[in-house]
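Next up: some structures, all given as structure tokens.
Here come two complexes built around subunit A, the first alongside subunit B, the second alongside subunit C.
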Partner chain A sequence: MTTIAEISITPAGAILKGRLISTADITGLYREFAGDYPKFFKMDSLCKLGFVAAEILLKDISAEEKENAAIILFNRNASLFTDRNYQATIRDNNYFPSPALFVYTLANIVTGEIAIRHKIYGETSFYVVDSPDTPLMEEIAAGAFLTSSPSFILTGWLDYDDDHHYEAKLKLVRK
Partner chain B sequence: MESVMIRKIADNILSPAGLDTIANYNYVLSLGTQVRVHDNAFDLPEPFCGSLFLRDKILARAKECIPNSEDYTFFESLCILSACNAIAHAQMNAATANRIEAASDDVIFILSTTKGNVDSLENDLDDPRAYLATSARKIAGHFGNGNEPIVVSNACISGVCAQIAAVRALLGGKYRYAIVIGCDVLSKFIISGFQSFKALSPECCRPYDKNRRGLNLGEAAGTMILESCEEDECCNSDWLYAASSIHNDANHISGPSRTGEGSYRVLKDLLQVVDNDEIRFVNAHGTATPYNDEMESIAIHRAALDNVPVNGLKGFYGHTLGAAGIIETILSMKALENGIILPTIGFESTGTSYPLNIANQIGQCIQNGVFIKLLSGFGGSNAGIAWRRDPNRKEGGGL
Partner chain C sequence: MENLILQLKNQIIEALNLEDMTAADIDDNEALFGDGIGLDSIDALELIVLLEREYGIKLANPAEGKEIFKSVASIADYISRNRKK
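Up next is the complex of A and B:
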């Protein structure tokens, strides 16, 4: 696989192709690099993180190429940050489950949010692993080329522990 | 690479209807349903209509079969019990007997689940058992397998995606066997969420029917063991992987596409590999929500498969989330082997814009050929896999 571009986002800021491009937080990055997608504010934190990372990485990619791209993401927490928030809404003495929150208790929703924004009709997949150091991430991304022919894959680590601990380490790869 | 084939060598379905595939297949043929109204389940304020395991029965079984069973959650116990049974099945299979060793380096475990042990958050928001990879390691560890397991968490399409992940892992050449386990257990967390969506039916669900009122949730575990082998090692009647595809609707995170876009693209991909006249039936998702079934009818119509028999099996067990893709694939295999097309219980009259050829009673088909398993889910995701059984393959001179 050949890497076309790479981005890393942590609470310290965003690094694109090895260069620090911003020290803003996730909402700051949204304002800097997107700004025109009010649905961003309805998303949970994992989706917001994935959304801004994809926004920066896919900036110069054509619509034709994006249509057949794949999105294959990995993390450790799945949607646990939002799961905990949802759990707090279904306590016996305070029972107000909300569909708008519940839908984000699935880790793969972020792949859907990115697909909607960029009109990506290819594969969207989410896998849960122990750590970003695992060789499984490369093996699984490479495996997608064995049974399908995406134009490229947006892949990598996307994990949201809490507001002070999160990391996106995504890249675009071709066969 | 050309001559490498992927075949299914063993399976298990563990559901409230039975502990193995045969018991479940016979249950389905008897047209029973595990779906019923539960008034006080999980301290929910509303009644809920779905299918639940009897906790005590499973825990007693776990105590009998799993050493240190108290170390495992209910969810993990189900996964282990299902995989144990499938591995025993593989060891009885004449073609693979004595070869598969679950602890071996050439075996990878793949877990399909939407929420794993999410019920552990009820007592402790920081319970480490809520991490899916931790759960998967415990399950693989029970069998002495040290390879890092893969957890597929792709909402309702996980069960098909896990089969696809297994096919890819085997084609990659690093493993010979993949043990693919699908499981979800219900909890206040999951049921309250679906209730808040107004997605649940107050009665047994009616896939594709004009009076359908929503889905039923259910609990199950299922395991498929896949093996990569050379073409000349395959037995005459093996189930061989034929094709697979995953596509997004790029439309909405919780509503299916009005044009069936992702599902249509999945079918179109499969039809590049599989001939229309090989397809005995499409085992569709058929959750019985108004939007899902309508979307599938549009996708199947656009793929020009209107005349192919379509069935949906949610009426027997409800929607078993991460297990659904696995157990419905196994039941479809079992049916086709017996020349049977399973019925869509709950369906009476057409309730979709494009009328499909819905199987509403036990039908017949020839005992070889292809079936397609189709799924769709939250996040706009759609997946399909085609499995082929061709007893005349060798006589016919290969594929």
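Up next is the complex of A and C:
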């Protein structure tokens, strides 16, 4: 597999192809590199993180090429941050559950949000694993090239523990 | 009614995370769904929760929803006639 581009986003900022491009937080990155998708503000934190990483990575990729791409992501905490927030809305006896939070209590929603935004119709999957095990992640991505022949794959680690601990380490790879 | 409409607009902005919007951006009679503000089905559920939480209103007949949630003005009108708190 060949890596086309790689991005890393943590609370310290965003690094694209080895160069620091911004020290903004996730919403700041959205305003800097997207800014035209109001649905961003309705997303949970994991989706926002994946969304801005994908925005930056996919900026110069043609619509035609994106159509047949795949998205394969991995993390440790699944959607736990949002699960906790949702649980807080149903903790009291006289509770009002939040439908808008509930829809994000699944980690793989982020793959759908990215696919909708970029009109990606290929395979999307999300694996929950103990740690960023690079050989395992690459083996799974390589397997996708054998089964569905995507034009490229957006893949990597996307984990949101809390507002001070999150990491997106995503890349675009070709066969 | 004016105060209720303004309060409702602010509650909608907060509940639906309409981050880049202020109360002044929402016309009282503008369609909330479809071509207007562009709310979706999850937003509709949030509005139902908002009515119950803030005004003690439980929608007895879901079929009424389409008319009630047409605009901020129609929601305010429904609240003023049915509010329990």
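The criterion applied here is as follows: the second predicted complex is superposed on the first by the 171 of 175 C-alpha atoms of A that agree within 3 Å, B and C clash if a C-alpha of one lies under 4 Å from a C-alpha of the other, contacts with A are read in each partner's own complex, and residues count from 1 in each chain.
Everything that follows uses one rule, which is that contacts are C-beta pairs under 8 Å (C-beta built on N, C-alpha and C of every residue); 3 or more make two chains touch, one makes a residue touch a chain.
Here the structure is a predicted model, which means the values were calculated and not measured.
In the superposition on chain A, A:142 makes contact with subunit B only, while subunit C stays out of contact range. The partner of subunit A that touches more of its residues, comparing subunit B with subunit C, is B.
Of the two partner chains placed by the overlay, only subunit C lies in contact with A:38; subunit B stays clear of it.
Applying the stated contact rule after C-alpha superposition, one finds that A:76 touches subunit B and leaves subunit C untouched.
After overlaying the two complexes on the shared chain, residue contacts for A:103 are found with subunit B and with subunit C alike. Common to the subunit B-facing and subunit C-facing surfaces of subunit A are residues 97-99, 103.
By the touch criterion given at the top, residues 43, 45, 114-115, 118, 121-122, 125, 130-134, 136-137, 148, 150-155, 161, 164-165, 167-169, 171-172, 174, 188-189, 192-198, 244-254, 261-262, 265, 269, 377-381 of subunit B touch subunit A in their complex.
Within the complex formed with subunit A, the subunit C residues making contact are 15-20, 38, 42-43, 45-46, 49, 52-53. The part of subunit A that touches subunit B in the complex is made up of residues 71, 76-78, 80, 83-84, 86-88, 90, 92, 95, 97-99, 102-103, 105-109, 111-113, 115-116, 118-130, 134, 136, 139-140, 142-144, 146-148.
Interface residues of subunit A, counted against subunit C in their complex, comprise 38, 41-42, 96-100, 103.
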